[in-house]
Amino acid sequence: MRPSKRAADELRAVTLERSVSKHAEGSCLVKFGDTHVLCTASLEERIPPWLRGQGRGWVTAEYGMLPRATGERMRREASSGKQSGRTQEIQRLIGRSLRAIVDLPLLGERQISVDCDVIQADGGTRTAAITGAWVALHDCIEWMRARDMVAGKVLKDHIAAISCGIHGGQAVLDLDYLEDSDADTDANFVMTGSGGIVEIQGTAEGEPFSEEQFAQLLALAKSGIGRLVDLQKMAIS
Amino acid sequence: MRPSKRAADELRAVTLERSVSKHAEGSCLVKFGDTHVLCTASLEERIPPWLRGQGRGWVTAEYGMLPRATGERMRREASSGKQSGRTQEIQRLIGRSLRAIVDLPLLGERQISVDCDVIQADGGTRTAAITGAWVALHDCIEWMRARDMVAGKVLKDHIAAISCGIHGGQAVLDLDYLEDSDADTDANFVMTGSGGIVEIQGTAEGEPFSEEQFAQLLALAKSGIGRLVDLQKMAIS
Amino acid sequence: MRPSKRAADELRAVTLERSVSKHAEGSCLVKFGDTHVLCTASLEERIPPWLRGQGRGWVTAEYGMLPRATGERMRREASSGKQSGRTQEIQRLIGRSLRAIVDLPLLGERQISVDCDVIQADGGTRTAAITGAWVALHDCIEWMRARDMVAGKVLKDHIAAISCGIHGGQAVLDLDYLEDSDADTDANFVMTGSGGIVEIQGTAEGEPFSEEQFAQLLALAKSGIGRLVDLQKMAIS
Amino acid sequence: MRPSKRAADELRAVTLERSVSKHAEGSCLVKFGDTHVLCTASLEERIPPWLRGQGRGWVTAEYGMLPRATGERMRREASSGKQSGRTQEIQRLIGRSLRAIVDLPLLGERQISVDCDVIQADGGTRTAAITGAWVALHDCIEWMRARDMVAGKVLKDHIAAISCGIHGGQAVLDLDYLEDSDADTDANFVMTGSGGIVEIQGTAEGEPFSEEQFAQLLALAKSGIGRLVDLQKMAIS
Amino acid sequence: MRPSKRAADELRAVTLERSVSKHAEGSCLVKFGDTHVLCTASLEERIPPWLRGQGRGWVTAEYGMLPRATGERMRREASSGKQSGRTQEIQRLIGRSLRAIVDLPLLGERQISVDCDVIQADGGTRTAAITGAWVALHDCIEWMRARDMVAGKVLKDHIAAISCGIHGGQAVLDLDYLEDSDADTDANFVMTGSGGIVEIQGTAEGEPFSEEQFAQLLALAKSGIGRLVDLQKMAIS
Amino acid sequence: MRPSKRAADELRAVTLERSVSKHAEGSCLVKFGDTHVLCTASLEERIPPWLRGQGRGWVTAEYGMLPRATGERMRREASSGKQSGRTQEIQRLIGRSLRAIVDLPLLGERQISVDCDVIQADGGTRTAAITGAWVALHDCIEWMRARDMVAGKVLKDHIAAISCGIHGGQAVLDLDYLEDSDADTDANFVMTGSGGIVEIQGTAEGEPFSEEQFAQLLALAKSGIGRLVDLQKMAIS
């Protein structure tokens, strides 16, 4: 039995609340159980210098955590003067994931900056962030479409993410903090609405894992991401 | 007529929602109209080095803004590598204000760190932060009291804050962003529940102001803070 | 009786020595008793990026303290790698105060940078800095006028500053370090030559203060600033 | 045909040269073709603060690149003042990989710091680094064993890493820079000598990839890592 | 003829004014013509960690320049967030020079921090700093002696410094800024009162220099430093 | 007898290996005994801002040390966030030395960046770096010449460097780490192929040194640098 009493392939309660920000062109408050991430998509007319003149746009992401999003208060990164390796790793992952499903030339020479700020953390913040960021990005693009700034299929597909792990010898879906702390293997999967894989990150926390175990995690992830994509579709409809 | 259509002495809709964080010992989501600040109070068993061995506790505050809390996305301070002068000025103000009404020896050799993170900004973030921080601090102290960590009147009084300004020649209370951008004078007042003044900050944005004008601002502030303290009392009851 | 033996409304010996720098366009060594601040005004042909093309100039200020300006040696900010919150707060105050009395369009698209470096500290460094900075700024503008770079009333008024506080239950003017350490309330006032208020900062160090007390402080400040403005007039004549 | 003319499952020429440093307790210069990484293992009697008193040791890793290791000179991280997100991501990966095969309690309360410095880069620097770091770590532990500082099976297994990718529609092993720049999918695998998986990182650079493609990459990696482990065995024998 | 009209072996007007700081244990305002450096010596009961328990003291130095000490305003190092290479080079030189003539065991486990802040610059700031720092250091040690903190010959000798250069083909002493900008070779010498050499730094700015030229510079320096030591003796008598 | 058993005027085994980098326009691995420095010269089409439009090029240098180049592992400068004063001092010295023998106008508006990275340290890293950097710079310029980017005598002369010191009362050449740690005086000399002096840095580590001693060091350096220049000539022929 999982500590969370969930079935091995059971997601936490997931909600995607749109238009939660008065200012941002697109926004989404995503909740995976007690993990709450505020995602805002901001349209910016500037573009990274190395992209200028290529007729393509860019999507980038930043990730942060409020100091008391966690059980123990963590030092504020703005105060310690730098972003941790973990923060940078996660925001690079979110950015790559979103770019995988955006038609950058259709965006024009503009940048969309997606901020994913963890208001409350209980495991799986990066996967919640990617899942919610897609909704914020979608709404930002629709905002632009309504102003004739873009046309065509700028968003090529959905993108969503979920964690899986081996806990107590069993492959389980969507680990919360307690389960994650106690898991042997921790893996994050990012997949498109049509089932293509965009990112796989698997790490043995204790014992190395086998190919068979990894195949089980992948199967769980596929099913979970399918359900997240359905929730995204409902959210934007 | 004010842009906000409010009467000169009319506060925005103010709400103080308690216990919004799963982890923090005390927390409050404060809203002054469209200005939303999440305040968490974290109990920490460590104390600043220069206070050790004096049998007194400490209360400190940090302030932050999500990058898209504002109309234009601002650069994330964690990414630029330092907190702006404005951020530091505000967090020093919040800390001083809270310490003014805490009996530090009764706290014991512990620190309460109050984080005030602006989720959405529309003027008056520092005054909303102080007003909400008091509720978070109150709940943190009650959390400690329930565990026999403190006894007695640790919180000596209420503390709340409000901005006033001279807009279109008229002294007005609780300016929103639009009013603030267009005001001649901007002042922030921090007062206790019993009417004592803890902080006054008045700045002429355009023309210098007169003693009479300042007296009007102070009178407005006094009345507004009285109402905020009433709301705090209702929130914790 | 004040520790300094001064009457409640008595300034320390104040001197304003002009042209103390071989290089700066304007300079003033200001002394408020044992508080000595070197103020230099430097004309720069560049302007902050966000001001370009608006036909207006800018005045900015920086503040620093030599490491052994104080009783205990403090760490050099250049060595610790950042300016403290206090330093930033003060230099923002000085800059705002000076801009309040400069006709920025008459300055043309140029910046005057005023550096206020505390050579020796004994309380009231920010108020001495503002008072001396006005003289340095005045001389810089006269330097420009002599070269036909500006014309007209670029300096709209005098600006000067003084601290007041409640010490031993009594409102007193121009606190030195010893008095300041022991005061219940500490307030800084910045006013123009014509008596307009530009900045008010009042902080309760111990007990909150009342409106009546604040009114006494304001009255003391008004009288003190009047005398400082007279000294500025003598200095530049 | 691959640009490198290698067969799809063909490694570059790999060499592992031991004892290349006069000072380090263990060292290895690893070459994967034109990718050259100097790995040194340094024994340190100190331990991270959060590990103290637990009777366990620690293995950590740092990664760097000489500025002209690459085709275009890159800015020196020591001069830009921080390590890039990519650098931090890689050194966290190397550290995790090494810790997966070290019996930390057998190490005692000591830390081994492994530095992996890229002297010349041509793709696959992180996988070369992990493969060479194992040899340096091995020799450091033997150095300790010879001095009776450790006993028993401190190194539980081999660890090695390889990249795979989909290039021109074909799954290929050990991509060089040219192949990597042009690949649709890029994956890094870290596995033990006994075939357990420790890390999997797969990223779609262009189109998302399928489960079948990922299975092919994993099979290639398994075979390649087997050969790398054989080379490690020869190197230390 | 030198631009300064001085004879080749003629020093600028040198003054050493003691006890210029209310707070510092020793202080000296040194002027070499228009180069003015404020030197303060601060006694600190702490010692660098690597010196603890060895029964020896330490002397260290820091160097800074006010932003408008120079003809063009320079960026404040506290604001740019780091000390330049030049600043660090100079403060290391001052520290080494002073330590050369201090009996560190006689100092006990204490540190004297000497701050050399350039109030106004006109060439030769590092040599003026060393020459004035000796006086501040002397007075700090006498302050300690008066309190029975030290005994014996803590200061083993005088130390002073001067610059020389080849200007217009001629070896000249004590270059001012104008001469320095136009010199072919720039050299700084640090020597003791008894004529021992402590530091030599010679740099060809344009053409390399010959052994003969260097010998001339050394001879000039020797004579100049002799006169500086005489001035130090007069200053402390 | 020197610890290294070498004669007083005997260099360590010196080798200069060219073309050790696949990417750099010029490169040299220089060894002075166990001191190994990798020097790469990188051609860059950009130039420092303050040089633009003057028709001249620039040569700059950066210096680094691998963390375990030394007996004790040192903290990585990229990780500590800044270059030490020592690093900056050395890289400024290398840059000045190289510029002394380059005809900058002949280079055109381009920069050559020379990176000197210490792979293994055993004393004398800066002098080895300068000696090897000349070879890398030479090859970079020949690379440019072969592409008709430069013509004429861009390199005006050779430049090489050596350390000398007073060890056990005797003047000795080319100190290794052991000798350097135990020397009374440490001096570095940079000279051209035609015997001109470009840099002299002499420091008394213990007792001040005399003019006579310094003359002995200079004579040793002259002879040593002559032999280094011969080795450079052989290396490029």
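For this structure, a couple of remarks:
Should a chain be cited, it is by its letter among A, B, C, D, E and F, assigned in written order, with residues numbered from 1 in that chain.
The rule is short, and it goes like this: a contact is a pair of C-beta atoms (placed from the backbone, for glycine too) under 8 Å apart; a residue touches a chain by one contact, two chains touch by 3 or more.
Computed from a predicted model, the values in this text were never measured in an experiment.
Between chain A and chain E, the least number of touch steps comes to 3. The minimum number of touch steps linking chain D to chain F comes to 1.
By the document's definition of touch, chain C and chain E have no common neighbour. The rotation relating chain B to chain D, fitted on Cα atoms, comes to 120°, given as a multiple of 5. Residue contact pairs shared with D-F exceed half only for one pair among B-C, E-F or C-E, and that pair is C-E.
Per-chain CA centroids place chain A at a distance of 50 Å from chain C. Across the assembly, chain E contributes residues 81-82 that each touch 2 or more other chains. Tracing the ring of inter-chain contacts outward from chain C, first into chain E, gives the chain sequence C, E, F, D, A, B. Interface residues of chain B facing chain C in the complex, by the touch rule stated above, are 82, 84-86, 88-89, 91-92, 96, 100, 187, 191-192, 194-204, 207-211, 214, 218.
Residues of chain F that touch chain D in their complex: 21-24, 27, 34, 38, 40, 42, 44, 62, 64, 66-71, 73, 76-79, 81-83, 87, 113, 115, 117, 119-120, 122.
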